[in-house]
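Here's the structure, in structure tokens; my notes come after.
The chains carry the letters A, B, C, D, E and F, assigned in the order they are written, with residues numbered from 1 in each.
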């Protein structure tokens, strides 16, 4: 089985190919039909690899005879100029699929890499096991792929959508009348398999949410001092301790301070709403299939 | 008609909604069915607006009774704290659609805004009418939307895919035997409505491509001095002048220098392969429909 | 917004219409194009109504000019011979759509009605607020519709699929080595918004699961006496009480006994894997639009 | 080729998997990726098997390496505790696909089994070759699958939809003015490959329909005595004998009486609008591939 | 309701628009967004109109504000230079949709017109009510549209596909062993709503098929004399008369002879496998909405 | 890779099969499941072959075990009674797929053959290398297939749709104010990879278009004499020569004259808007697999 349901990968790849190829690759006719190539996929910077299944699927949908031999796996660290995959088959197919395959790889590896930067900073600063979480701030249509990239980078996934997590925000509270009412109503009407998370901005709201026995508190836009107080109030609450998640103004710089506070999760939209594509390059060796499965010497 | 074919917008929105809502919004039940809200869409930084049609389509697919009143149009400049749209209708719908609608807007406005930064730098540095072009390095499945965002930011589109432009690259030349053969073969076999562009890296290649009467030359990874020589060689070529496009190592910093060289186009993947989401916020006024269509006072 | 995401309803209805109409209704040509009818939808037995949105969508997809006027709402109790909806419009449309619309209504009302029978029996037997839950044993492709029908009948939904609830069964435990390991692993790797449920068959397993702090215990195939012991062990466990769900051999007859045990949930596949279609009838008044919106006299 | 067009099976299975798996099986991560299992599919009651192609397709869509070895074929009679299939492959795949595969099998075998009960009762009561027919009262979206199940149970299919059979009902007759006009109009306008069936409720209508040379008469809601008269009138009609189909109030109990009347077909919605799922169970043997293709001893 | 199921029309139009517009109409930007036009659809030769619903759907999918005012209806006879529809709305939309809309109209009117030529020839030659039938020799993906065009031209439809008619051909007979066996088997296993048609090439086969009580005989590739004998043998057969359908070498020239033979149907692939597009033209009146709904003077 | 993007072929074939098979082939049950056949595909007239990939895809989608052995390739010339392919596999599959597969082949070979007739006439009349072009006047939904057929017949493709070529027609010129404005605006706003083509009807317009430096001139509805003048004016224009395309009233008869004029392209809708299906026949050898891969003796 795929890391994410395979029908999602198939559908994303087929749409990307349609978008790029449309009525046909008008330059491909310059390449003789039976011309074969070997090409080496090179990473041009330090990064975390993510997107193999999408890259493979691009060539599978174009031409099942193309062979891909990966030298590293998703989630592994790549160094500059590292050869990560050797591709062999019809030159036409490789050239036609190249851009689409690379677009998946560079986008997803970009997300995995920035996630890993956050996670490494967090681990370096403390031995607290604070988990870095993503959000629903994603590129439309690409969420499950990006959430997989977050996992490849060492992060964890918050809810995948509105369907698999209850998050009571300011407007839900206003509509329900109070945090107490909102939590009670959620517990009554929602699936018993889902925890109840409440977004709070003040310590009074924290007290009310704890009393209502919310399972998770999302501490939004609090400064470090206020977060420390929130942690203490939660610990002092006898009957029930909630999990604490922190969001708002999460920068790499601030992580070393946050790492010292006894919270459970930090969530940030920045790792998925922004993209910094990883730089990859595909280098061809023409008419020579002997080196298949081995990387070229790089000096 | 839409700025891009409407079926593309419909399909992207319906996929994004399925991805986010799946089997249902489990928190929405906290909001009474008949509760109505007015909400104001605020931009939180300077930016170029892009994505109205996607934003509108999100709410149209969820609930046709929601009303949106835009105060600016795609392509216009936004200032920090500017109210750009007033939304009115069922609170449930607005809350359920909020994230998906915002994800489109923040992604596309991000692309329009960075494009505008490049274009402004280019215009400021020279009166040459050099056009900034995008590439095929895009987020998979999102290309047409991103290319529209580039236009909103004042950029121009290179080919949309492999189907609407001939770009002869190094591998095509190797397969054809020479630039001369490649251009000849392309002219013979391709649609007469398409120009022929050749990627070149040396001045010798430029001479050969001019002699073969390529319509456009993509000068890849040349430094400014070499570009200047290329421009002169092209001008001296009697029978035929090609259009000149420059790519490789295009940074904001370098644009002021490039602007002084007499080239026609600069193309860069950075404006579409990287995303820096624009910051928007949706602010609710509950139970009060009177202010519909006007923005709140902001002090 | 619809009770379930509208795209699911649209898609189910369009497939059902394609299945029934295919290349066309070959008997419809007997009805003149401009012939108009009023028809009354009658329930032929006591039941709980479910399926209005699907019924409406059938006619909307065929011909937007057909008008439907409902006299009761989903979730309400119907009596024998009650008129529940008046339909008016082109006779051709009403006859062509009749069977498909009825198939949705009879299937979903059947599920709502049997659910209501279980729930009523449970409420009558005790004041315990035990919730009746459905399962994933559903008609393929029809799950969200059936889960909505369960809610209409007064039941509650267990997880909608494998994506929104963790249920550790015997085979997961075998693979993980022990209940302790399985719960620990699930807590480490799964979304923090999801509770952890463990299926257990013995009191020893119950002790281990409580110690591992599973959130919910699924007590499978235990007799009433053993269930009573399980409840007591859970209450005596100091640090943590789990929610208790009972499954296996759930019959109407047994509900009165189960209602006296202090459990939280009873789940049963019977309400969704079996269907007992409710009996509805559509009665036409031809060529007479005067009685629109009012039901005929029934004596 | 499949028993029904394979695209229908593919589409139903892919929808059922999407419905169940959605963004991913959150419990599957407890099972190591490379863990292999053998599992035995056991029938827990007497039944007629139906649904192999759907069951196979579920695993094929998830993971082509899973092997299924069936010991009986669709349409065969199953006994309680009979092992009917041995499945071998990745434990993750088998657990993820189990419920969806079982849902198809239990639903379709339920329809085949109830059909077989009707057919057996009919055959036992008489040597008349009366065929048991289904109707268009089916689960929406599942009709072709159910009609195949009816065939597996020994029944026959009435028309598959509005497209492959002319059935003139009361409302068509009213619109056409008379049975005579309706039959004439149908003969004029419909495909010459389709027979013309008329629903009648009285013996006068039968006379008129015979005179109009309807090919099939659907005798609806007639008691046994009236049916006997209808048979005799039909036999006495010189120029033309119609085929006689009986519907309305068809119970198992009444079949022994109906079997003695010289009719051609009995049609009933009960076998497809109601579902009584057959009880199957999947039993795992972990880490042991040796018994593949053979069933375990059951004592 | 549409003349054929509306989902077929929607899907054909949306595919045709995607095929033609793809990533966008690159010439449309020459037309100002708010420019309005009136255009007149003119027929350039004598023809039968067919395809209004497809023509309308093209503009509806592009822009609901375009208005179409038809002056004739599908199935009516058109003369050279006749104005048949006035279109008014955004000039961009009309120009973008023009070709796709015209392609539907010219193709379908072509089929209707050639059909009408056959039918007129048949009617002129005799008062026999021989029906002209189409076949399954159609443009792939366009069959239902073409069969509708055949009806507009005065022809009748043979079966729509393999699903709604039994046609026993030479290979079926060989597999079944004999015509007798084949008819018997078909009667046993097929829906009772379908007639049984047998393709025969000799008079011996005709005798066998009549004895087996086939409902329809397809007399393939017989000359007129042999057809006359076939008609007589059928009339002399006491117990049963079959309907007689003639196919093979059906030309306009031969129709006058065939019309004198007492057969029931003539079927020919020529009217749907060949296309002779009708010539239409769209003439614009710019910037002038006053003449909407009236045709221009043509002198 | 396929001659045209494979997803287009897959989708066209699956739609054609659904259209023909629908709920199932009701005559197929006459053929035993395990019956195997060899069949020979024969061409019944002189023609150019086109459509192999579609023909293959039909059988692949039905049953992967069917084997096809082609004796000629797309684009090759066929003679009457030539055996072009041998098919071997389940008789049921071959019979069920026959019509759909043949419909693709006969339609596309028809287009290739008529194109070849035009091209041959052009070549025979002159040594000018005038290319024959198709247009956007195609069967809706079938354009890419038809454009491939044109290439098989020796023709060339004009733009594939509105997305890959700029063609400024009369209405665009009216909206832009003049040819000069229209060309300028197109050059400003369109992709630099696309040439600019202008449709002109007079020599004055030709002068204006040349002055505006249009890349291609579409000389519409000019007689041969005026065409000759247009060629001369173009040659005399110092700064710039445009490519010349001729359309309007293009008949086989006129080609020999046109071939003598020094134009570049001739475009005609007739080769794709009209269809003259090529006659193919499928001949079965039953129960005999020995002759697989060899054609039968034809005398």
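Please note the rule applied: a residue touches a chain if its C-beta (ideal position, glycine included) is under 8 Å from a C-beta of that chain, and two chains touch if they have at least 3 such contacts.
From a predicted model like this one, the values you see are computed outputs, not experimental measurements.
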* **Pair joined by more contacting C-beta pairs (B-C or A-C)** => A-C
* Structure fact -> One copy, subunit A, sits on the other, subunit D, after a C-alpha rotation whose size in degrees, in steps of 5, is 120
* Per the centroid of Cα atoms for each chain, what is the distance between subunit D and subunit F, given in Å? -> 45
* Compute the distance, rounded to whole Å, between the mean C-alpha positions of subunit E and subunit F. => 23
* What whole-number Å value describes the gap between the mean CA coordinates of subunit A and subunit E? -> 53
* Do you know which subunit E residues sit against two or more other chains? -> 21-24, 28, 96, 144, 160-161, 163-167, 191, 194
* Touch graph across the chains, line, ring, star, complete or other? -> complete
* Spell out the part of subunit C that touches subunit B in their complex, as residue ranges. => 1, 4-7, 144, 160-161, 163-164
* Note which residues of subunit D are touching subunit A in the complex, please. => 14, 17-18, 21-24, 28, 61-63, 90, 92-93, 96
* **Of subunit F, residues touching subunit C in the complex** => 22-23
* Under the touch definition given earlier, write down the residues of subunit C that touch subunit D in their complex. => 12-13, 15-16, 19-32, 35, 37, 54, 91, 95-96, 99-100, 102-104, 106-107, 110, 136-144, 160-172, 174-176, 182, 185-186, 189-191, 194, 269, 273-277, 284, 286
* Enumerate the contact residues on subunit E facing subunit D in the complex. => 131, 133, 156-160, 163-167, 191-195, 197, 216, 243, 245, 264-265
